[in-house]
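Below, chain A partners chain B and then partners chain C, in two separate complexes.
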Partner chain A sequence: MTPTRAAGMSSLVAAGIVLGACAQSGRDAPVVARGDAERGRAALIALECGACHRIPGIPGARGTVGPLLDGYREQVYVAGRIPNEPDALVAWIRNAPSLDPGTAMPDLDVSEAEARDIAAYLYR
Partner chain B sequence: MNGTPVQSTLDPAPGSAAWPIGELGLVLYAGAAVILAVVCVLAISGVVAGPRRVGARRWLLTGGLVLPGLLLVALFLHALGIGHALVAHEGADALRIHVTGKQWWWEVRYEAGDDAGVLLANELHIPLGRPVEILLDSSDVIHSFWVPSLAGKVDMIPGRTTRLVVQADRPGTWRGQCAEYCGAQHALMAFHVVAEPVADFDAWLAHQARDAASSVDPGSRLGRDLFFRSGCADCHAIRGTAADGRLGPGLTHVGSRQSLGAGVLGNHVGTMAGWIAGTQELKPGSLMPSSTSLSGPELRALAAWLQGLE
Partner chain C sequence: MLRHKLLFGVLGACAILLFGILVGIAILLSGVLSTAATEQHSAFTHWLLDTGLRYSLDANSEGIVAPALTGTAMIERGRSCFRAHCVHCHGAPALARQPHGLGMMPIPNDLTEAARDWPPGWLYYVTAKGVRMTGMPAWEFRLSDADLWATVAFLKKLPGLSRAEYQELARLPQQTNCRTDTAATARVAESYDEEERGQIVLRQYACHACHRIEGVVGPDTSVGPALVDWRNRRYIAGTLPNTPENLARWITDPAGVSPGTLMPDLGVSQAHAREMADFLFSEE
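After this line comes the complex of A and B, so read on.
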């Protein structure tokens, strides 16, 4: 094998790795400890989060004040600011202004358990 | 909606006029079932027994005239009695509430406090065990005031005042609904009726008659300032402030209400913010524009201040 061909092969292999990585860009669903998606669905309905958000699977949730909450497991940042990890999302749902004073989302006085359930639903 | 209160003619409140209406419904269903069964038996027996001669004149007279005549007259008189009970109870002691239908909300006024009375919106409180006279009118088109679990429906006609008497003997919260198509958001024109013990009711009315005072930290004037700076006061009145608009619902104690937007949403700081910024999305065609130029912290401050008006 000539040095040129070897270089060509290795760059092909590298390209293959990169492409493979791209094909897997959909992350595994983050797991929210003690979160229950079904209860989360009930909480989203009871709290009327749909007043501001469009949320798939929640009746009447067609608000356009806040962002669409579809495919949240793919989302890289929460509210465009905080890396989207379960604990960060739970903290955001509980008290958004404490994480970003510029947000329009009020502190909704959501309990820790409720926020975990909601996060589990959004990641489902 | 969270904990949607009952709105059903099949679940009448004890002691209310909806109870005899519900009974009348049951009588109709049962009677219709009996008549249907008799007709079925006659039809089947006619086929099984084969052709035979019957006294046509007698059958026609009894089955076609006498029986329906008696039944319909009896039902008519019974229904008249129920209808009379809905508007009776004329008496000086009756509590009076004025409700004006508007596209698409309800202005509610109690004869209490000063001459102007106590103004609120989309919510009535009534004391238990006492007839309450509700005087109904409309400022635009025909609406109809209906709390299925408490009473029959009564139309609200521009230029006329109609009456309805309600009474509840059990505490509870019921949902009411406009029952006459009145435009695009007819379906989102709801209200709540809260029946509570007399002492609670008196305390509630006395509180509603007081000036507004937000429980939000008085050091933070942002929400209040925004209310006036953003033009909210042009349409909404808040007793005890310079806000005296009458185009939209009064907001003096808006934080204590069951719903926002006449039953569109429950009432907490999140739905308040969503309603302010997304009115036209939530209730297209309503007179209130969406406030889309507030910054995030401004929206939160305004919503929190209004929520604090309990």
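After this line comes the complex of A and C, so read on.
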């Protein structure tokens, strides 16, 4: 096989690989009823969640008090104890101490609608 | 002319190598390679792995000096360890293995032949360190050195047991005198290079099964939080100020620190918890 032909075959195979590499097994983004990711982004900025959390896409959100919130849809549990589903996350955002009395995350007086928007952003 | 020939030869070899790699990747991504444990290795693959194991054991067990493998107490202790930890998967003559020892690929071998033929150093090494890509775990973080050698001492007696003696094994109470000597197993970590130690200890308690950890190769998991950039975290479990001492406390007693947490108590010794904590804090 000449080098050129081998290179040609190789690029064909490479193209096949790119087309065929689709065996992904990640989680689909959970749908938050009445949640709007864009409004959630605004709420995350307004509530200064970034003071404690690192949140991708939120300017200045580089806090290290709480966990980083990237790839949150993949996370299996909220706060290491509740299965990560929309309602649980919304409840946690609204009033974390009610679900884990020992948590350092404060009750932030977030409205149900705001919490839904924030959850939608974190799952996006 | 000669120069050109050489250049084309090298280019051709590179192209063929690249082609081979791409074909390999294409086969991998096509999914035709089965990972089912119901499939068997080709005879060649089996030979390759088995030969690799023997040569590895031979090279790595060099310099391991076996203590005297005699004495009723030692053999009795080894029998308890065998009953508690080995017989489920390996079985024994006249003694069927448990279900998890039946469907495995590769199959855990019956140990009488290895016990007869392998030098004690091999048996010790394979038990202490386990075998990668088989179901054989490393036992040195679970069993003390004395327990490991006692197990080897019993293994050496294994081929000579009678049918009644094999079956008596199954009737031994699970409650055994093969006790984990945590003080002794804690010292095991010290046998590893300081740079590697933390990473090894974390893996020996399966931390990477639930956490992505900087410096540890493992599944891309999101069960627990990712342990990256740990030293800059302010709280452990959202409740305890993040210091190495507190982290070790959390690891040894998660529910005591945060009731309701799903992080289990993995029976980590204080010394091993400190190794883990120091490793996580050392991450750049």
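Criterion: the second predicted complex is superposed on the first by the 99 of 124 C-alpha atoms of A that agree within 3 Å, B and C clash if a C-alpha of one lies under 4 Å from a C-alpha of the other, contacts with A are read in each partner's own complex, and residues count from 1 in each chain.
By our rule, contacts are C-beta pairs under 8 Å (C-beta built on N, C-alpha and C of every residue); 3 or more make two chains touch, one makes a residue touch a chain.
As the structure is a computational prediction, the values presented were derived from the model and not from experiment.
Scan A:P97 for contacts with chain B and chain C and give back first, second, both or neither.
After superposing on A, A:P97 lies in contact with chain B but is clear of chain C.
Would you sort A:V31 into first (chain B), second (chain C), both or neither based on which partner it touches?
Neither partner.
In the superposed arrangement, which partner chain does A:C49 touch: chain B (first), chain C (second), both, or neither?
Only chain B; A:C49 stays clear of chain C.
Output check: A:G80 vs chain B and chain C. Expected answer is one of first, second, both, neither. What do you get?
Touch partner of A:G80: chain C, not chain B.
Tell me which partner A:P106 touches in the superposition: chain B (first), chain C (second), both or neither.
The answer is first: A:P106 touches chain B but not chain C.
Per the overlay, which chain contacts more chain A residues, chain B or chain C?
Partner with more touched residues of chain A: C.
A:P67 in the overlay: touching chain B, chain C, both, or neither? Say first, second, both or neither.
In the superposition, A:P67 touches chain C alone.
Both chain B and chain C touch chain A; at which residues?
64-66, 102-105
Which residues of chain A touch chain B in the complex?
45-49, 51-52, 62-66, 97, 101-109
Considering the complex alone, what residue numbers of chain C touch chain A?
Touching chain A: residues 8, 11-12, 14-16, 18-19, 22-23, 25-26, 29-31, 222-226, 228-229, 232-235, 237-239, 257-263 of chain C.
In their shared complex, at which residues does chain B touch chain A?
Interface residues on chain B, with respect to chain A: 1-3, 265-266, 268-271, 273-275, 277-278, 281-282, 294-297, 299-300, 303-304.
Note which residues of chain A are touching chain C in the complex, please.
1-3, 6-7, 9-10, 13-14, 16-17, 20-21, 23, 64-68, 71, 74-77, 79-81, 100, 102-105
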